[in-house]
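Shared chain: chain A. Partners: chain B in the first complex, chain C in the second.
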Partner chain A sequence: MKTRLPPMSSAQRTIWLIGIAGVLFFILAPLYLLVKYSISDSASINTGGAPVPFWPYHPTLINYWYLFTDSQFYKVICSSLFIALGTVVVSMMLGIPAAYVLGRYEVPGRKTLMLGLISVRLFPDISSVVPVTEFFIRFDAQNTYWGIVLAHTLLALPYVIFIGIGSFESIPRDLEQQARVMGASRFQIFRRILLPLSVPGLVAIAIYTFLLSWDEFVFAYFLLGLGKISTLTLYLKQKMTYAPPQNLLATISVCLSLPVILFAMLMQKYMTAGITQGSVK
Partner chain B sequence: MADVALSHIYKSYDGNPVIADLSLTVKSGEFVTLLGPSGCGKSTMLRMIAGLESIDKGDLYIAGRRYNDIPAQKRRLAMVFQSYALFPHMSVRENILFGLKINKVAPALMEEKFTWAIALFGLTGLERRLPKEISGGQRQRVALARALVLDPDVLLLDEPLSNLDAALRESAMEELKRVHRSVGKTIIYVTHNQVEAMSMSGRIAVLAGGNLEQFAAPQAVYDDPQTLFTAGFIGSPPMNFLTGLLQTRGTETGIATEVGFIILDKERQVRCVASLGKKVIVGIRPQNISYTDHFSARRVSDTSITLKAELFETLGDRNLVVARGAGDTVLRFLMKQDDDILPDRQVGVFIDGRKIHVFDPDTRKSIFK
Partner chain C sequence: MAFKPFKITPSARRLLELWPLFPAAVYLIGFLIVVVSYLFALSFSFADEHGVTIFPSFESLRAVFAAPEFNSAFVNTIAFVAVGTPLELIVGLALALLVYRSFHLRNIVRSIFIIPLAIPALVTATMLFILFDFPGGHINHLLMGKYCFLPAVLHNPINWRGVKLLALGIALAGKVWRDMPISMLILLAGLNAIDPELFDAAKTMGAGLRQRLWRIVVPLILPSISTVVLLRSLEMWKEFIFPFILAGQNNLLGTLIEILYNNWGNAGEAAVVSLTLVVCIVVTALVYLVFIEFVKKLTARR
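Let's turn to the complex of A and B:
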């Protein structure tokens, strides 16, 4: 239920507005700088000592032009997209059923299992990447799509399972039992009751997983290196190595962020609150 | 059609016994109510019959077949949960059809049943609404419709009316009775509301602490409570209890209590000869103590005693009088609105000897044979 906030005095209102403006500033200012750089020409960055202007000086789309005419750019976008979506699919296919079982049934050794799941993420990526890579190389998984998808799945899985458990647990147990008495099999209950009701949670998981894979760098760098398959983050790194103008890097960064925002916006309509309202009294 | 037989059922949770050695047979097509205080194991019984809870010991038979090890989804019963458990993402229509779809019923038949159910429960016009868009009473009817379209042999209802206001509850009770009459299902109904139990069931099973106290028709449970618990639990306002000695004085048998010698009617006198001379607990309903200024209205089997009225509670049509008799015994009785009983005055009342209940304080059971 949405309830109206109590009316505020003008002093309170002012404080609120200042607070909100402050937060917005911290979020938007870097974004603005990023976009600004991406449409600036070199002269507005390398000003030779003069202060960098606040507004883009001679706005230009030349960097975008450069990117969009680079065939490699399309290739990395496609592989990044493919890897991210692959990670979403694989980690959800593995993680959601696991979350269902862990969230709904008494599994012996549940606590240990959960600790084991999260343990991968208890180490910084940079230290877990070495053993993981070594392990993957043993299975010839370096420089392959399935290898990097599996690696990203490894990173995403604990979150998928933990958020999944939470969203399954919020569904009243009576619904499941009611369906069972009506003759539904476990799979039917999962498919027709639990899954649709956990959509908001699953969408959050999907967005999170997509993002995780899309901007993942460390594992991609170790597993793909400078092989045939490259991701957007590796592309950015590669361009940085050649010390290109900052405005090109900013442009790549904008391209790195856009799909994430788009993906989140697409998914947002499924993230409705109060989906189980009205089911049990 | 199916009868449900529970035989020597035991159930405990983590070593705490909830149901101990309970046997109960519900006949085919019967409307039986499980009535008992909160936490006495009513829901647990229902959930065991539905297969949602395992049975520790004992047997469950439905239509003569042992059901202990048949999983819930194969039992073909229908249950209405205490919480209604409507599927929140499905419309009223989808909710009602869910079970039929799961059971792969032919679309034509499905449509026919749906039409029947929404007409029966007055849900026409609400087909496309989601559960959150209908009222509590409507939700309850959807839950009932959803259970009935499955055409189950046995219908299990767990306090389906507990959330309704008095008027809605009344109409829902009528609706349920009508449905039972028209479809003739075996219905096991759980409640802790005795008005519901009294007015709807063919037989009432009174449960307390996981024991079956009495299993009989509503009138029999009210008129002839077999245990002290049933006597105190059924009836409103609750029964008065006094201790006394069962003895014969002259030609009459009765109970010597602090308020006086309460005589039993002839029929009861015969039924209690085996317990003569014993200490007993007497139960008298407030309805069976009457005040009248016409002394001639007294029957031979009535006992006349004197009480001092202390408090009055209005019940609407009548008042409940809390009065004190000899030896500080408190007795409650009912008076009509126009009776002129005054506070702190002595008042003569009659106890109806035909309606007296006598219990053994040790076994807590009725001594009447």
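Let's turn to the complex of A and C:
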């Protein structure tokens, strides 16, 4: 929305410009420095008392080369991808049908049920992780792929359901009624009408779920520890534990953030459509 | 024996129609039951020196509440909430006011303002971990005047993560940096709901910038402010990653849970601290909601 505000005096305008520039600096400078560290040679980090340069003496991609030739890193990337995709599949399989019912049907005790569905997320992650880990230990699900996928599903599912409800609610009911009059079954209506129409919302949900799992740390740390199966967040933490070279930490951080930023940019169209779908009732 | 056909009553049929909801409901409500029951069971259990678990027992509670580590973490967390919540509100409001006005490249600037939210918390913490390194991080070098554009403020580098106040301060700065877009977006939504003609009218009647801010903007976005304060204070209680990476030995309740569980292998005491954290959050939310109701009634009377 464009706001028509009274014009600013020149002094106010200067203050406003300084404010904008200052905030942009405080947001972009640390990110620039992170990328700078990731392409820094060791002489630009261990400067022997000289100031750490704002641009590396000899910019290099050797840190990326080191990472991408490290077999452990590939294993970690594959684990992270597998866990994130597994979380997307399980969350969508459970959440989308539930969202469909809650968005399109009169459900008795709907409000109480919705509260029940979201209640588990009202607990702080760090409070619910101890009981969940203890529960998983009992079923030997600690240090397993399916254990961490189930835990991440627990985190993502309420969001999947709530955003999904918004997506399904935004589709006109007339379409469904007309299809029913023409003899379509409930499954056909869901598959042929509601699912295709809610694609933007579903893509937004899938991306959100993927990213939630991709950069999740607390449950991964408690359930997987620094053991056999590792995610990218755990890999970063593991490197931090042993007097880490800063350029390597920065490189892992960039690799961890890139999919998040790229997904957010590439799928902005779907995300916006999904969010709009969720908000219009 | 005559075969009696199985009849589905209309209410049962209606319930059956809702079957796609059941797996998700069972999953989430099942885990809710697991979390609550395990939290209580672990909190009120105690394993004696022979490894025999005694239930119910208040031993874990007694041990936690008597431990100086708990008291210290509790005080640190309260300080974190008390300083962090208003800080997030002020920063969020400043950002919202900056991008409220229409200008060229507004969309790009607003997108950049939202970037911190897209960066994983662990990466933000790592970024600060590197920048505030001791003795050779950028921040130390900046303050020691090693760059020509800034005079020296320090003679010796500071061990940021080794001093309690500074370590918690960096953790708080990271949290505020990452979460400020959330506060900004909520407050911006509140600001966008204000009719701009009100500002014109106020200016015509001689109101200055400060008066317009305090007499028009703040009262009209009070609902957004109260949402930010509530959500942010709850988030501050929950915080784990930033203090975990940056605050060293200076624990909050969240990091104390991690230490008790992973380092000391004491699930009972970790559960007690977890439960305490949940209670603190519920109490904060209730007190805040009661306070807001009280303020609403007070303003309605006037």
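One rule holds for everything that comes next: the second predicted complex is superposed on the first by the 223 of 281 C-alpha atoms of A that agree within 3 Å, B and C clash if a C-alpha of one lies under 4 Å from a C-alpha of the other, contacts with A are read in each partner's own complex, and residues count from 1 in each chain.
The definition used in the following text is that a residue touches a chain if its C-beta (ideal position, glycine included) is under 8 Å from a C-beta of that chain, and two chains touch if they have at least 3 such contacts.
Worth saying up front: this structure is predicted, and the values here are computed from it rather than measured.
Chemist: What is the contact status of A:A156 with respect to chain B (first) and chain C (second): first, second, both, or neither?
Modeler: In the superposed model, A:A156 contacts neither chain B nor chain C.
Chemist: Where does A:F123 make contact in the superposed view: on chain B (first), on chain C (second), on both, or on neither?
Modeler: Once the two structures are laid over each other on A, A:F123 reaches chain C alone.
Chemist: With both complexes superposed on chain A, which partner does A:P172 reach: first (chain B), second (chain C), both or neither?
Modeler: So A:P172 only meets chain B here.
Chemist: Between chain B and chain C, which makes contact with more of the residues in chain A?
Modeler: Result: the larger residue contact count on chain A belongs to C.
Chemist: Name the contact category of A:S257: first (chain B only), second (chain C only), both, or neither.
Modeler: It touches chain C, and chain B stays clear.
Chemist: Tell me the contact category for A:S185 with respect to chain B and chain C: first, second, both or neither.
Modeler: First partner only, chain B.
Chemist: Touch check for A:I193: first (chain B), second (chain C), both, or neither?
Modeler: The first partner, chain B, only.
Chemist: I'd like to know which partner A:I207 touches here: chain B for first, chain C for second, both or neither.
Modeler: In the superposition, A:I207 contacts neither chain B nor chain C.
Chemist: Can you give me the overlap between the chain B contact set and the chain C contact set on chain A?
Modeler: None.
Chemist: Quick check: in the complex, which residue numbers of chain B touch chain A?
Modeler: Interface residues on the chain B side: 50-52, 72-79, 81, 83-89, 98-99, 102-103, 130-134, 136, 139, 146, 150, 163.
Chemist: Which of the residues in chain A end up touching chain B in this complex?
Modeler: 172, 174-175, 177-185, 188, 192-193, 196-197, 274-281
Chemist: Which bits of chain A are touching chain C when the two form their complex?
Modeler: Those residues of chain A that touch chain C are 1-6, 8, 12, 16, 19-20, 23-24, 26-28, 30-31, 33-34, 37, 45-47, 50-52, 94-95, 97-98, 100-102, 105, 107, 113, 116-120, 123-135, 153-154, 157-158, 161, 186, 214-215, 217-218, 221-222, 225, 233, 236-237, 240, 246, 249-250, 252-253, 256-257, 260-261, 264.
Chemist: What does chain C use to touch chain A in their complex?
Modeler: 17-18, 20-21, 23-25, 27-29, 31-32, 34-39, 42, 94-95, 98-102, 109, 112-113, 115-116, 118-123, 126-131, 133, 136-138, 141, 146-147, 177, 192, 196, 199-200, 203, 209, 237-238, 240-241, 245, 254, 257-258, 261-262, 267, 270-271, 274-275, 277-278, 281
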